[in-house]
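Both of the next two complexes hold chain A, though its partner changes from chain B to chain C.
On to the complex of A and B.
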């Protein structure tokens, strides 16, 4: 059943599994999905939205008698993580939109995740309660206190099963450490610390300590007029607890070692690719800004996403175009603001395939071993159970073949910014504006 | 599209986007503001070099990089004005901007990377061609809101007319613009 380490881009046939969210064409702004993340086992899938809510889905335990029926994800818990706030000093509203969710590795029965908006990070504990004590001496079943004079016997309260209740409670609130807008959080492999990054600074926190954080990167110039780049994403190395990377709006990635010094302004390694001069345009700076950076699971590679491509870095950098047909449309994309869209990217379990989103509810899978790509679509039209997704093709110009869609017909309001890949299986979660699609590998 | 026209359009759009992001929920986004500033700079540089090229091909030698009489009303003489967006909301945004003042980031008197852009303000060359006073051009780059920004009605009208985004609101916007003193800063971080 399980394909083993989630491999294969083009060998795998993807089919529809589920879709979550309202069917309405009229999208409520609060329902816009802003982050998607599987936990470390893949059993839980969390989404955050613009309204500050977190919804967690749980994979049902597989039905052994029906191997064709892959386990489904059903709602496990929903809670309001962040509320809108107002900064009176700066006369600014702080949006409740959840920018990122990151799960902590599971240590006991409860699950923990970090969720963040622009300014505040919260640690949430999600725990199950499936039994409750009954038979109190001093209390009725509904909680009212009994008249002590009526008690004539003593009994020992016992635990009795109850309907499963999933509780989410905020355990820590990490606030007031960021002047600028938080774009990333990343849990360290030591499972004790995590980093949070805003436009100009990266802070290191201890999960137990909320009133203090250490600033480890600060790129704010003494004179703000000299500002030329900002931090766009940051992540800890999956195994080396001293190593992290951060990407910039200039298209560079810096690898930093916390053992080198307390303030990691000086990188250990800088990765950048010089721009092809033939591609230079008005928009070169915007499109080279990196919107996401992710280490591969094995920690050997890094992947970055800029506006038009995905790049996989190690000593040899692989450059994979995502939607090169947009290069000639940059002027219109600038006009309608799409050029500022921040796409994320993700690795599959064995680091052989990477995935990222595009427009028209298309998403791309780029196979590293076979150097082949496929474009798929998340749409309500392909919503029949186990319906296989057909590869889509975009026609950049000239004669449009049958089944191709021309660049000008693409719907730029339908964008897939957030995607996630199950850490072990070929199950993917793809977020359109307000719907979450779950696709899985076709099993025969 | 002509490169200079495209450059101008991009600059106008950048300014309009900057203004509208002031009223955005969550406050001004540093990253976005920076990217818009860089686009403006790119467009301005390309505009300059395109104009220089066209000058060299002998269109006219009596006009500075910021002026041309070969086309109707195209005084890109923005040392003392800004290429203002045309929507009426821009005016509102200006007033809002003045009221809200500091927005949690220190003021940028000029967008990053464009401070007293000496490479684009060659005083000697400007002297020869420009009719502006030397001190102004030497210290103040084109296309930027300058600290002592003074909106000259005729220049704004010219820019607005030349811009392809002319709309019916143009006249109304102009009237309010001429009455409102321009803010010192456009981009605040």
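On to the complex of A and C.
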């Protein structure tokens, strides 16, 4: 029986906690959730959407009189991070969709996060204001200026409490460093630098400096006709500030050490799964493209997500299928473009369980220690408070058992691409197209 | 008797092939529907498309042609373009700022 600190494991029973977002089926493009991220303490949960907006939720401090009620996440702040732009020089339309949000570790009272669209990264400061100065000499309380001739005495303004106001302000804008589309950002453990990766290049930035960045990986071929692979994701090692990895559309992961040279085009280590050439098909390359790479919290393992599976790497590689039943549907998934969907993956707090999304609003939890997997569903039907989620089963073929869903009945428009796991507790945030579900461990 | 045994091993072999590689079966299906897909694996065409995402015009001549045609037209509902199309059914930059008309709050923040 695993308990406490993000143990997870599949003896955990998950139950519904909250759902955010509109119920109606007519989803506006702008409302499509494009990223979900807990901060380092798990107290804050940020989402980004296709409309360039960021919404931050805050976990309420626990109500001691009602221990059954686990704390809820309520809206803390929301702001427009990015806006649509048009690059006249290149005739390029730049979407405002937030591709990634990454939190900085907290250093003082304020919170900082990096948010990025295809071209520009912004550092946002989120700060609280719960007092304001009152008793100005030259101004009335409502801001109007007082007639100077009526002032006969001087007073010292004092701070008085006010209703909490949460303000988000852009502190840095890191622009014009990417010719191609940014897919990843990752804050270094040194808390001073971060990387941003696009299809062909990775840049290293200093958080204080916006007019300069260093290029550390460049895979652009001299002749673009020779282009065979692109960078799909990149991440810094959680503890080693000199180490980062990047994944490719060909299913390889390269580990790089910035101490080796300024330009890390030559990897220190290459990870790939040897392929049996007789198994190769038209789809092989597309489905081997890695859509996400994540280091475990302890930095000992790496997890990658490709179309049909999650792989956990160290010196060996552990292959965990996510939805293998889709292999016999690849033709239609190619026709409806679903084969290009980019799923993300995440680790629980103690690196014993990994989670990733699938179709039909299903998501999968893969237990590393017990090698058991479970499929759960984020749906409006299981929205009663503390309702326990029932495992789901997909029937790949043959006789469908009761309670199973057949592959052909799966709704491929209902995709869960983004999921996040609280760094310490068994609380997960799962984003369907336009709703955010929060589930937590059942507490007796 | 032996004829039957042979037939069933052949069947088994076929079943084996499809069971062993559902991917190959799917590939065959795809090739049957789109014979022009040819020998190139789903690689460089897709990479190029990915890198060109957001490209609206081929050159300034194209842009000016589109602008001239757009002068008297309403903004057409933009269809999802998957191929590298340029031409007169693309909104002009003057129309783009309309996208950020009212900054509507996210429904998650309600």
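Here is the rule we use: the second predicted complex is superposed on the first by the 437 of 444 C-alpha atoms of A that agree within 3 Å, B and C clash if a C-alpha of one lies under 4 Å from a C-alpha of the other, contacts with A are read in each partner's own complex, and residues count from 1 in each chain.
The definition used in the following text is that a residue touches a chain if its C-beta (ideal position, glycine included) is under 8 Å from a C-beta of that chain, and two chains touch if they have at least 3 such contacts.
In this text the structure is predicted, and so the values were computed from the model without any measurement.
Model built by superposing both complexes on chain A: chain B and chain C clash. In the superposition on chain A, A:444 makes contact with neither chain B nor chain C. Once the two complexes are overlaid on the shared chain, A:328 sits against chain C while remaining clear of chain B. In the superposed pair of complexes, A:150 makes contact with neither chain B nor chain C.
When both complexes are overlaid on chain A, the residue A:20 reaches chain C alone and has no touch with chain B.
Ranking chain B and chain C by residues of chain A touched puts C first. Of the two partner chains placed around the shared chain by superposition, neither chain B nor chain C is touched by A:61.
When both complexes are overlaid on chain A, the residue A:108 reaches neither chain B nor chain C.
Comparing 6-14, 132-140 or 150-158 from chain B against chain C in the aligned model shows that the clashing stretch is 6-14.
Chain A residues 90-95, 118, 180-181, 199-200, 227-230, 249, 282-286, 331, 334-335, 337, 340 lie at the interface with chain B in one structure and with chain C in the other. Interface of chain B with chain A (complex): residues 6-7, 10, 13, 17, 25-27, 29-32, 34-35, 38-39, 42-43, 46, 100, 102-110, 112-113, 115, 189. Taken in their complex, chain A has these residues touching chain C: 20-22, 30-31, 33, 47, 49, 51, 53, 55, 75, 78, 80, 83-84, 86, 88, 90-96, 118, 180-181, 199-200, 227-230, 249, 279, 281-286, 327-331, 334-335, 337, 340, 434, 436. If you check the complex, the residues on chain C that touch chain A are 21-27, 29-31, 33, 37, 41-44, 46-48, 50-51, 53-59, 63, 82, 93, 96, 99-100, 103-110.
Interface residues of chain A facing chain B in the complex, by the touch rule stated above, are 87, 89-95, 97, 118, 179-181, 183, 199-200, 224-230, 232, 249, 282-286, 289, 331, 334-335, 337, 340.
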